[in-house]
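Here chain A shows up in two complexes: once beside chain B, once beside chain C.
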Partner chain A sequence: MIRFRTVSILATAAAVASMGPTAASAQDVLKIGFAGALTGYLAPYDQPTQQGLELAIDEINKAGGIDGKIKIELTTRDVRSETAQSAVVAQELVDMGINVMIAPCDVDPAVAVGQIAQAANIPTIAPCASTPTLPGIAGPFTFANYTADNLQGTVLADFALEQGYKNALILISRDTPYTEKLPLYFKQVFEAKGGQVPATLEFKMGQQDFSAEVTRIKELNPAPDVIMTAAYEPDFPAFIKQLRSSGINTPVLGSDGIDSPTTLALGEIAEGVVFTNAGFPSEGGPLAKFNAAFTAHFGEEPTSVYPATAYDVIKSIEAAVKATGGNLDGQALRDAIDNLENVPVATGTLTYKGRERVPLRVVALNRIVAGEKTHVADVTPKAADVPAP
Partner chain B sequence: MDLFLQQVVNALSLGGTYALLALGLAVVFSVLGLINFAHGELMTLTGYAIFFALAAGLPYPVALVLGVLVATASAVVMERVAFRPLRNSNATVMLLSSFAVAAMLHVLFQNLISARPKAIPAPQFLMRNVEVLGLQIGAVQLVSIAVTAISLLGLTLFLRRSTLGIATRAAASDFNITRLMGINANLVISTAFAISGLLAGIAALLWLFQRGSVDPLMGFLPVLKAFIAAVLGGLGSLSGAVVGGLLLGFIEVGLRAYLPDGMQAYREAIGLTIVIAVLFFYPSGLVPRREAVR
Partner chain C sequence: MAVSTYLAPDAAKSAGLLCAIVAVPALAIGIAFTGPLVTTTTNFLVMLTAVLALGMFSGNSGILSFGHCAFMALGAQISATLTISPALKKSAFPLLPEMILQSQFGLPAALLVTMLLVGVIAYVIGKVICRLEGSSASIATLGLLIIVESLIVAAQGYTRGNQAVYGVPKLTSLPVALVLALLAIVVARLFRDSRPGLLLRASRDNAPAAASIGIDVATQRLHAWVLSAMVAAMSGAMMAHFLTVFSPKQFYFDLTFAIIAMLVVGGMMSVSGAVLGALVVTLMVEVLRRLENGFALGPVSVPQIFGLTQIGLSVAILLTLYKRREGLLAFAELNPLKRAKPAPSDRMPERAPPARLEIADLRKAYGGVVAVDRVSFALRAGEILGLIGPNGSGKTTLLGCIAGTHTPNGGSVLLDGKPIEGQSPDRIARLGVGRTFQTVRLFANLTCLENVVAALTERHPHWSRQQLEAEAQRLLDELNIGDLWSQSAGTLAYGQQRRLEIARALAIDPKFMLLDEPAAGMNDAESEDLLQILGWLVDQRGLGLLIVDHDLKLIMRLCPRIIVLNKGQLIAEGSPTEIQGDASVQQAYLGRRHGVEQAPPQTITMRA
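Entry: the complex of A and B
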């Protein structure tokens, strides 16, 4: 059902785009290109992102466009989760005359896309790549959007210290920057504030069996007060199952990757797990409103936060276009995004001003209680505490 | 010593799952000379079957049985659709066909079901641990070891006692002669695929209990491990697949348990180097398939 709608929107977008210069004049249409992974290993992130983009654009266009006059037109092309294909698709989108580029959900293809768009003076926003070094690598036209890894690491370390934990174990995987660096940012902050991280264990993504690691944790003397990891499914469920079933009840801290129905379905073994993510849908809050709008539009509840963070991207672009007074020139838009402050978005507010293109946003702390996600706190870490990327 | 024994149990449990998977590949390879790279997708199908069965309100055990049956039936259908029309062509063509099946199923799962993982809860009793001879063993591990042992025993009985099993073994050793003896080739090949689907379904249950969700790309990694295990044991040799699977489990768990922390990043590379070293001394695998030489 959703798929058909996506296809028809894509078809419409493609048809409109193929009309070329005979379509509406550039001044009253903002063209956005999404080089997204509709297939391959990034599809679990980019397909929900596509839904969030569609919803935001639909809302804005129904209200008459940005400032009541500039309509948004979205063209999505599949990059198949490949970096080389991302570069090809990015060039195609640039050649179509887009004004703003949206990059795939992982840092490597996002860098490829950002660099190509930059050569054409087109600003790029990466909706859910969370590596804080991304904008620095890709260049001055590329912006991050998602809760950066170093923000999450800082919030988790502060939380761990508040709980009185002194001795932490981190479980990392060098397979992705996310699974490796996020726990290392945690370690950096935790140690800087007096905690100790004597043990680091490594896993291979998809390894399924954590029995050897769990047996090693059992051996540790002193036993850790807390275990922190950025593993997500299928690794996180496999790890915590084997950890708990071997009788280790050490508290576990995780990051936004485990914000998924699978974690909630784990039952009593996930009880008490605390994790960070981009926002908690408090009653009456913007995320709850977004989730209701999503459910009304797509006929099912969102199963991840990626539609909401994609919605945020469009809201940032809308705010930037308002700031330029409708000037869609690439340099003007870039500067406008770079100066955005406290833009109201689905997950709270976003500030780019003075942030080197990695936005400051709230980090939510959640705790799993009886198979439900409960809200612990919304935290904005002190800028001085956040480790440099 | 206790920790060592604990790691041995860990290795047996992981190796057992690999053995089931490798055996599934080997059964098909022995009769067709084909490595079915869509074998992992049979596991994914089991996962989705369980997910939809639970969503439809079926009781948990029924959903599990249904999941295994779906994998078995899908394997037979897969042979009929993707491999039978190509049976007389080059083995490479069938290999490519198996990749095509896998790729198409990935895209279908991603676009018709969901690109996001779907949760499959595991029964809570599997989260406990059991004390056996002073060792704390996770229930999932005990179940894996038991299920692997029962499956291997069942398969051995089938292959040695039943006519169809004997025909399958005969076909595995010399397919043409077997056909000359009046054995129906299609029946034997379908049986081989059904066995491989059954094994994939059983392995999928063990895999799903650990990971807690099914996603479109779930089958990719297990089939890779199974392939390594099958080559290690000797391609096409059924007992070889079991030996290869267990050895791979021991290599992986051994490295994860005893490699120093600084070296952990290289363990996959070290593990595969060990596999290559074994193949250097046993080029046709540890328990090579016996072939008559005339």
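Entry: the complex of A and C
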């Protein structure tokens, strides 16, 4: 049956193609498949992603489609946060004849999805996986989108050096690539530019008790000028509470994992913490505009940055389709995405050209002041400074 | 032939049927379709293999393992290391020795090496885990899962640490997965009815009774543990070569629970249950997954609802636990044919050789409480000795000290002059001292025939299956329960259970038998019947019997010689008439009312 259906789709496609460009243009539809983890441990990332995709597609279609003619059709299927299921769903979406694939929010399922799409010459974009090695693993048709770990590490290192810090301590956990590699990227850039990272401390995620680490920090001679970590809930709050209550006032740098209401609710303890994320909604800026549009569409404010980064994915695809002049062929689309430069998106701008499919994009620096997130700067790091994944 | 001891012919047929149930649709899908359905089927076959592996240990031993995903993780890790191209290996696992970095294996060789390595690892771990009982064993397996995951993450350089292992060659196609899954079915099904499988299931149903017929429970568990770990490693490797990318967290709690859910729904105790569970859960997930995308029900159109799959699966598990706690198939196996009752052997039971069981100065104390106090007596083969005494006089403890379930604090138990006290119950059973229990302890989920075969196979390891079954049938016939051969022991009437327990105890060809209240709970007709059997045991088989009972009438009729225990001490010995006339016995039994003044001064309190 399925074979029969495939044949009939091919026949239809051939018939449509033979009608020539003018006849087809009115009918043109860009089919996007989202193999998303709408349930399971990735749901907190992929559900907001789904909202961002919907919003972007809705806006484009209301305006008549890409270039005013190509409408976008989104098909979402749940992969339940399982890698095996991701492979099954990806194959189903490919068989439905999608033009672009959007992958789940973690490396393993994203690679599984990317490889299957690649076999059918369909480009894949991973909206929120931040591991910069992902496109390299999955192959030449897979693109990252989110602020990669090495970008954040670079921006944080640059910021630390700018502040005059010479001697940094990093706190890592080998439990996830994010909590391990991001601080190591920081260290790489920091040391390359003349800083020193004499001490690396390790923690176990969920350990709660950081007294051993805090004691080590106290004993360090010379004392570090700055502490950098990619720890997040519940480890980051536990760590910083114990650090501050032992009287250590060394500045702390963090990454987008702590961009949550919990961190802001820490009050006095978190005062002065600087962290990176994908964007800050400055008044009149693109992210503020996006947030307003999101609130108008869904009746509630976005609770994370993932709707915005998902919106960015659709904007990249839109730009790529414009670049091909409406050619939806997989190879053409892939090449077009790979050559995108300074695409205006919800979180700033985005460049794929020359980036090995890991985009160079704006990284926002935020500082916590009196329980509020304040904007420090938007930084696009120099491509040459960003360490290889 | 040695092999026939291990392979049951019905099991082979049943395995064939199960293979057909899995293979026919899988092949049909493989031939007729391409795309997602093939992927789903392949994934099903990989999961099925994992479920079978878990069932092989947990189903047969009754100990739920949370640790099998650890073996899957090791399987995936090892097989990936062996098959990834040398170029990629150098960057992924820089710390590995040059020899491994340079080599690249094909699937069969990789699987073989993986399974052997994991088998060795499982053996070492199993040495510890298989000695634990029930929930402490389960908790230990949970610890195993966590430790192995942490080790794989920590061994970065040899592994990829917490990061995804990628570039694993895609070697698990549908035909490969099918062949391996069928192999797992055959191994699991044959193992269940093999000698070690039967002994393990016996110990699952009742560990003390298993020891009483000479089964070394820990060793039997270890066999199943190693075998199931090897199959689990195979399924882990299959999964790695199916997904081509995996990280340690893939083989953690989520997968553990997915596998356990399949096993629970189908029925943990049988191979058919494992197959059915994997099938039902997969089918249900596939149906729900399609409904999840929205559907029209007449005029009502239902929108896309994500999470329906999970909800449906959870409801299915709850319903199973609520309606059929043992799973859809419980203990049943699919058998293509109803088998015929085996013909009883015409083996003439040999009379037990002359032997002597001597108890000298035996003592057992619990802290300051002395339950058995320097008891000495002797029992010859061909003799019936009655042991009576009021409640709490230490009779059962004394029996336990002889059978090895209790370790005496002093004195000796001599079997033909050789000391046996303090040895494990299964060893004492193998030396020729059988027993029955105060409360019947049968292997409730095994058939009557299997109950006896389990005992025979310990005694006659070189007999063929046919010989074992014929002899078991003969024993059942002798105890007048031959027609019940195919019934589960748990379904028998009380009197029949007592007989089966005796048949099972006889199967190890004991020289002596310790019977703890054999007539307890029997009506008059049943105990009359029992008397006949016991008399026959002594006359025909020449066994020495030590019978403990409250039924004084029965003891007086049956036993030419009686010993009386009171407060741990032997207070009288003699013929029924002598015992009846003994003042101290009367006092012990009736003391509270009649002999308070004459009672000897009490120095210690007793507890049996």
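Just so it is clear, the second predicted complex is superposed on the first by the 362 of 389 C-alpha atoms of A that agree within 3 Å, B and C clash if a C-alpha of one lies under 4 Å from a C-alpha of the other, contacts with A are read in each partner's own complex, and residues count from 1 in each chain.
Just so it is clear, a contact is a pair of C-beta atoms (placed from the backbone, for glycine too) under 8 Å apart; a residue touches a chain by one contact, two chains touch by 3 or more.
Everything numeric here is computed off the predicted structure, so don't read it as measured data.
Residue contacts after overlaying the shared chain place A:Pro177 against chain C, while chain B stays out of touching range.
Once the two complexes are overlaid on the shared chain, A:Lys241 sits against chain B while remaining clear of chain C.
Of the two partner chains, neither chain B nor chain C is touched by A:Gln163. With both structures placed on the common chain, the touch criterion links A:Thr83 to chain C but leaves chain B unconnected. Within the superposed three-chain arrangement, the count of touched residues of chain A is higher for B, of the candidates chain B and chain C. Using the contact criterion defined above for the overlaid structures, shared-chain residue A:Pro261 touches chain B, although it does not reach chain C. In the superposition on chain A, A:Ser282 contacts neither chain B nor chain C. Of the two partner chains placed by the overlay, neither chain B nor chain C lies in contact with A:Asn342.
With both structures placed on the common chain, the touch criterion links A:Thr39 to chain B and to chain C. Residue contacts after overlaying the shared chain place A:Glu92 against chain C, while chain B stays out of touching range. Across the two superposed structures, the residue set of chain A contacted by chain B and also by chain C is 3, 38-39, 41, 174.
Every residue of chain A that touches chain C in the complex is listed here, in rising order: 2-3, 38-41, 76-78, 80-85, 87-89, 91-92, 94-95, 107-108, 111-112, 115, 131, 133, 137, 174-177, 180. By the touch rule above, chain C contacts chain A in their complex via residues 32-37, 39-40, 43, 46, 153-154, 156, 161-164, 166-167, 239, 242-247, 250, 254, 289, 292-293, 304, 306-307, 309-310.
Chain B makes touch with chain A in their complex at residues 3, 6-7, 9-10, 13-14, 17, 106-107, 110-112, 114-122, 124, 126-129, 136, 138-141, 207, 210-213, 215-218, 221-222, 252-253, 256-257, 261, 264-265, 267-268.
Taken in their complex, chain A has these residues touching chain B: 3, 38-39, 41, 43-44, 46-48, 174, 199-202, 204, 206-209, 211-213, 215-216, 218-219, 233-234, 237-238, 241-242, 244-247, 260-262, 264-269, 303-304.
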